[in-house]
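These notes concern the structure reproduced below.
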Amino acid sequence: MTQTDDILSVDGLSVSYATPTGTLRAVRDVSFTIGRGEIVGLVGESGCGKSTLMQSILRLLPGAARIEGGAIRLSGEDLAHAPKKRMRQLLGDRISVVFQDPMETLNPVLTVGRQMIDIQHRSRESRAAKRARAVAMLKRVKIPDAETKIDSYPHEFSGGMRQRVAIAMALMAEPDLLVADEPTTALDATLEIATIDLLRELQEEIGCAILFITHHLGVVAELCDRIDIMYAGALVESGPTMEVFRDPRHPYTQLLFACDPAQIAEQRRHLPSIPGSLPDLIDLPQGCIFAGRCPRAEDRCRTEAPAPRAAGGSEQVRCHFADAPRLEVPA
Amino acid sequence: MLSYGLKRLGLSVAVVVIVIAALFVMIYAVPGDPARVALGPRASDALVAELRARLGLDLPIWSQILRFYGSILQGDLGRDVISGAPVLKVILAQLPDTLRLVGGAMLVAVVPGIVLGVISATHRGSAIDRLTSVLSVSVMAVPSFVIAIYLLLIFSINLGWFPAIGAGQGFWDVAHRLVLPSLALGLAWIGYTARILRASMLEVTGQSHVRTARAFGISDRRIMYDYVLRIAILPTITVLGLGIGQMLSGAVFAEIVFGRPGIGKLVYDAILARNYPVVTGTVLFTTVFFVAVNLAADLLIAWLDPRVRHDLAH
Amino acid sequence: MTLHTDPAAAPSRRTKPRGALARLVADPLGALGLTLIALTVLGAALAGLSPHSPTGLSPLDRFSGPTAEFWLGTDNLGRDLFTRVLYGARVALALSIGATALALVFGLVTGVAAGFGPRWADNILLLILDAMKSVPTVMLALVLVTFTGPSLWAVVLVVVLVNGPAYARMARTQTLAIRNADYIEAERSLGAGGARIVFAHVLPNILGPILILAAMDIPIVVGIEAGLSFLGLGVRPPAPSWGTILYDGFSYIRDSAWMVIAGGIPIVITALGFTFLGEALRDTFDPKLAKR
Amino acid sequence: MSALLTVRDLHVRFNTGGPLARALGRDTHIEGVAGVDLDIAPGETMALVGESGSGKTTLARAVAGLGGDITGEVLFDGKPVAGRTGGEAKALRRDVAFMFQDAVSSLSPRFTIRGLIEEPFRIHGQPIPEGEVERLLGLVGLSAEMADRRPHELSGGQARRVGVARALALEPRLVIADEPTAGLDVSVQSEVLNLLNDLRERLDLAILIITHNLNIVRHVADKMAIMYLGRFVEIGETQAIFAQPRHPYTKALLSANPIIDAEARRDRIALEGEVPSLTQRPEGCEFHGRCPFARDLCAREAPDRTREPARSYTCHFPLEEEAPA
Amino acid sequence: MIRTPYRLTRRGLLGHGLAAGGLAALPATRALAQTSDEGGRLRARLYADIQNLDPAFWTSASDALVMECIYAFAMQFETGTDQFTAQPVAFSRIEQVDDTHIEFELHEGIMYSGDYGEMTAEDVKFSYERIADPEVDSPYAEDWAQLDHVEVTGKYSGTIVLKAPFAPLFNSTLPATSGIILPQAAIEAAGGQFTTEPPVYSGPYRIRSWEPRTRVVLERNPDFTLFEVEFDEIELIPIEDPKTAELGFEAGDIDHAQTSISSMARYAETPPARGSFQRFTGLNYYWLGMNEGNADLADQNIRRAIQHGISREAVVEAAYLGAAEPAAGIIAPGLTGHREANLYDYDPERARQLLDEAGASGLRVSLAIQQTAEDLAAAQVIQALLADIGVMVQIDQYESGTFWSLGVESEGDQWRDLQLFLFSFTMQPDPSWATVWFTPAQVGVWNWQRFDNAEYAELHRAAASELDTEARAEMYVRMQDLMEESGDFVFLTFEPVGILTADGVEDAMRPDGTPILPRFTRS
């Protein structure tokens, strides 16, 4: 899977947590790539493992978590087994992050300027030069009056502004890869759009790749070149955004899209849903992970785990019946 | 910030006013004539009458309480019935010894407390963390006078390493004599300090902004000191502020066991001697001191924490 | 509302809730705490089995070290210290549990009242609680005893006034928090009245943390009783309290160290026992309290 | 259609200052809701839409009689909500059910689900019919064995169902649902909405639904109101508003919906700045500072309400019908 | 610490107002000395801080100890003997011419500090008449009760003229603080009286610094020539608890200390390291009093039963751990009027019989004591002994302030409730000091027994002017008989005094164990 012009390639990654009742296999055999300058949306519902995946890439996993196998390569260099020191060199330089909650993501007792200077710890420039860079970056994210606002504390900014500051910080080092972990979830709709627009604009200028983690399908459609859909720790479908939206091949993807009121053109009082619940990730079912909730599931699905394959416009689909006609979803 | 400061100050003053009123009521509630009690059985009636007049005991109660406030406002806490000296002067004369003791105890509490707290938090769940936790709660649980007696028994009487009594003269002598009482008084606060620091460090470490800092490749050391400790230390300041006040009065046990002069010994002797002006004066003094230290701690925190500063401004 | 992203943090329904006691005992600290408390309680219960009287004099036996007959030695009047320590456990346990219960009632009533009362009443109560808290503990105890005279009841009063405000504050804070909690709003939206809300929804929810707090305060109460008795301001001397044993022992510390050893050890054991138990209770049942 | 709930010129005020500020004579009040009119008929679903801090929840709570410093008129079934005592107050509680945003935390943590569902009966002193709990659980699609669980053992969707069951236990006539799908996954949120809708049809319930999710509104609401700074900038029939928003803010909200259709993006209205503070309401039209179409008049003069058959709005320069994109 | 036994000096008892109130709260005669070899500094323990150094108004034995250092006394008791013999100090000669005339002559060249010049006979006249002067209202006026006037016959000589013979003159007045001679000008400059800042010094030392409750430092007065002093400085440290002082002594902080009584046996057996232990027969008397004014104790037979019910040996043994002997009175051995034997000794059979006769089975009484280890031990033994004859005793411990008000009528009605109490008074070496408190005039003041006996009163008055020692002794013995017969008293003991002295210091002690600090030397 590794291609030289891929910024990030995740190959067969498995991550598990030690819990009192057993090993919880949060991410299993996930593979995907992000090309240079590409924006990739990672989509999934609660508990699908997308955050674990993100934390694995950044190596910020909690203590109970362990990478069981697979590789995470940044331009060919394996992050999954890189020494801590090396990770520290990469983080904030070649890989940056924007987290979900803008209220808590910045240090409350340090000024924004101080934090933006701190993160340039690799640079040997003078403080004044670092500060000037910080001001310039704040201007680029359209913080009004950046010269004075830089000496403010995070709580003196509004939520939307704080998220912009976070984006400014993340992009200041002009990284190769920006990991954005639900950066717009906590924002109101109008701010969400503004933030997405800003991200897109900056991405075009800087040319970095973005891994955009969200549960909001519309945002992916809006922003991303490619989409990866996770369910219960597994990557069930991935491909170019337009292709996947037009013709999703995995039943889960199909159902997910069908449930989203935004995707339903005509007004209807009754909306579709996906019955059933997530499988137990400690005591995994045999076969396909989605079999328990899949209207199309057959005996084979319950015994044999499907291998990923290309189908329709999608590059990877983990379904035995990836080529079957799209499901009719009743409300 | 200013308005917060004023508000906190106002609250502190209100608290002191209430404490004064409560003290007054207590004095008033003492069975018998306070002047007679103060002067002793053989006092002439004239003298009792004079003291009554001086204490304003013949006035109506509301007027007495106003007088009480008035004189306290002027720094007049009454007179020591035994020596006749102003109570404030008597207290101030005893203060240095107690402050030295509290200072020693703070040193005992803060340095190991912070070190243990940091070690505990950075090695969460390890054997050393568990050991520190158990030690912390243990030293907090055992009353300081029991510790004082055992220290005296072991280190003064049996081993003879430290003097048993007195405050001493000259730096080294004073320091030498401070060791055991400071330890007795401060030991519990090692626990308080370590625990609160550990808890607040863990809390801060779990906050999202620390993860952000990590995600920018800032070194663990730097994160620990600039990002975690800086915030985590704030609750510790509150606890130590409380500590100073509690130690000031808790010194009574260390002072008695180690035969030291000081505020605690003063009030204790005054209680035994029914020297009410000294008792109430000392209680009032320590209360004001306590309130003032806590106020100072709060203001310090407000000053150190821009969030509070900000909230207060709005 | 944030989504559960860390599967390890999600509540696992698989763990069958075990019995409270079993969970406590599983915690080494809890087991140790329970053992120490059991020792104290057993001592108090079995005090009567001692062949010695806690008050009987035997001057010729005075200042004995530990022997087969006198397990902890004797005091200046030749009384068996072990027996006195056992009887002292009765005083300590009865007083600390009784006084804590009173303080708890005081705290709950005032705290819940403040939490539910009108704002001005809350403010006044808060100010008074602040004022009570502002007098350093030892000073408060000393000044109260000065004006009441030494007695068991004075100690109880001191405990109520020293510990009560903390419970009241906690009850108030919790009540306020719960008062504005969604589920109280929900109950109100269903039409529940004040009494129902307090007794069915508020009290059960605040009682737990306050009980844990109280369990952790019992060493403080034992300390207050022993401390005041040590100063001669607490339990009246013929009664064998640990504080009075220390009081006597400190006088005769040069004659026999056994008196202070005998007086201090049960205080240490009880204090550690209740503290460990409190810690374990808190860790087991209310991790949120851990900050205190 | 006679309205079940009628709201006229409702204001809800908050005091933000302490006693000190009050003593200094400072006016520390802000208006979370600043004069709204609202009617809901039985069987009708009304959606309240707006961004954080627009006053949606405040309004809903005021309507439900759950507090706030209220002026204006709120009539339920023709009788004022305020000032009810005794049986009348209880009756209101029975007739108006409130579903809280945070479903899990709106369930008393020490109760079992059974206890929670029986709670309304107990509060109102009504006998609990045999098997009623199971019946209600079944009604909201939960199995009877759930009855012995406690709130923390439920998932968000399950908790919400319990909330619905509780709300419906006494057969109310109006359900106020505050963000009933917040925090739910897409695959689950439909279940809750369908449930509400089924019950509406079956029991002729009126529903007031508060949400910031316009996609839901489009499907489930008959009418919608768009709130901005505590006022309705536009209110009317959902279809009409979606088809052609009149108020620029409505349009901005509707267009701020990330969608896959690249063409639709061009028609998007980008808002400038952020929502002003309630303590400093702008002069003139309160939206003028952020409105891309604002003119001088907007800054000077507050627009009156313009009424159309299917809606009303407050804008000097309402958006006109244009060629469909 | 609390265990310090509070005892009254007679002087305190005569006091009024602040002086008495203060005194009631303070222990007496507990002075320990400590030394260190370096710098010639003698460090002495005070049992309490100084309060008043005016000879007419001083309050406690701590004050007296300091006054002994800073003023020239007329006479001083000899040290190192077991007889109370006063020797002239400021006086070069003193001679009793007849029962009421005493001639004296001062040493020449005794210089006051400041500008007050040389000590003259005029100063003697002023000082003594000042204390006796009713206008001055000194609590110590009774020391000069019979003073008529002092006649100045020369610059250095004069005659003390008495109104009547006065036996205590050489036993307690002149050799103690009432014999101090100060210049009129200095007292007047101080405004008639003073407290802790003496306007003038005439003794071997003067005060260099005073840190309240912490220390008083005295330094050698270079102008003093009456006798040689060894130490350049004396540091006096207030330590109330003798047990604490013992710890200090053993830790090497204090080199000369008075022990608590209950520690004496231990020290007698095992002398301390780096020091020696001495035992003195003290003058303090310790007894159990019974309030005959209390309804339950009004029957003399009940009081007699309690007398018979108490084994003084057992009580003294328990309280003092073998350091003291039972007493048979209030006048210590060696003093005029010491009584050898008791009238009503331990006899539980007789006690039970008496109680039966009085119909007082199941009697419950309270025993008031102070918060001292010794009182507490004694009380618990009494409790056990009386339980044996069927009397239940409840021990009530009082802090000193309350305790000293229990039997005092002017404090209210609580004297009626007072039943049994343990009491200890201190005294100077004249029997009149001991007996004065039990006269009818003292009922409800310090005579808490409410022992009211006319014969006793008359004997007390007459004995003060009786100069014949044997006749005087008989009178005092009779007075003690009367006390015991009343059933109000169980004489327990005379409290011995234990002294610890470090190696390298030679102490100078009065026969009763009181140190005279300026006379201390290095050995």
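Quick notes on this structure:
First chain written, first letter: the chains are A, B, C, D and E, and each begins at residue 1.
By definition in this document, contacts are C-beta pairs under 8 Å (C-beta built on N, C-alpha and C of every residue); 3 or more make two chains touch, one makes a residue touch a chain.
A quick note: this is a predicted structure, and the numbers were derived from the prediction, not measured.
Relative to the whole-protein C-alpha centroid, the nearest chain centroid is that of B.
Centroid distances built from C-alpha atoms place E farthest away from subunit D.
When the interfaces C-D and B-C are ranked by C-beta pairs in contact, the top one is B-C. Comparing the CA-atom centres of all chains against that of subunit A, the greatest distance is found for E.
With centres defined as mean CA coordinates, subunit D is found 32 Å away from subunit A.
Each chain gets a centre from the mean of its Cα atoms; for subunit A and subunit E, those two points are 92 Å apart. With centres defined as mean CA coordinates, subunit E is found 47 Å away from subunit C. Rounded to whole angstrom, the centroid-to-centroid distance between subunit A and subunit B, based on C-alpha atoms, equals 53 Å. Counting partners per residue, subunit C has 2-3, 231, 250, 253-254 as the residues that reach two or more other chains. Shared interface positions of subunit A, i.e. residues touching 2 or more other chains, are given as 46, 101, 215.
Shared contact sites, meaning residues of subunit B that touch two or more other chains, fall at 152, 157, 256, 271, 274.
Touching subunit C in their complex are the following residues of subunit E: 2-3, 243, 246-247, 250, 260, 262-263, 266, 314, 317-318, 321, 371, 373, 376-377, 380-381, 383-384, 395-397, 399, 402. Remark: subunit A residues 45-46, 158, 160-161, 188-194, 196-197, 215-219, 221-223, 241-242, 245, 255-256, 259-264, 267-274, 277, 331 touch subunit D in the complex. Looking at the complex, you find that subunit C touches subunit D at residues 1-3, 11, 13, 123, 181-193, 196, 200-201, 204-205.
On the side of subunit E, the complex with subunit B involves touching residues 1-2, 13, 15-18, 20-26, 49, 51, 195-196, 211-214, 237-241, 244-245, 247-248, 250-253, 371, 399-402, 404-405, 408, 410-412, 445.
Contacts from subunit A toward subunit B in the complex involve residues 58, 60, 87-93, 96-97, 99, 101, 104-111, 118-119, 121-122, 153, 155-156, 166, 169.
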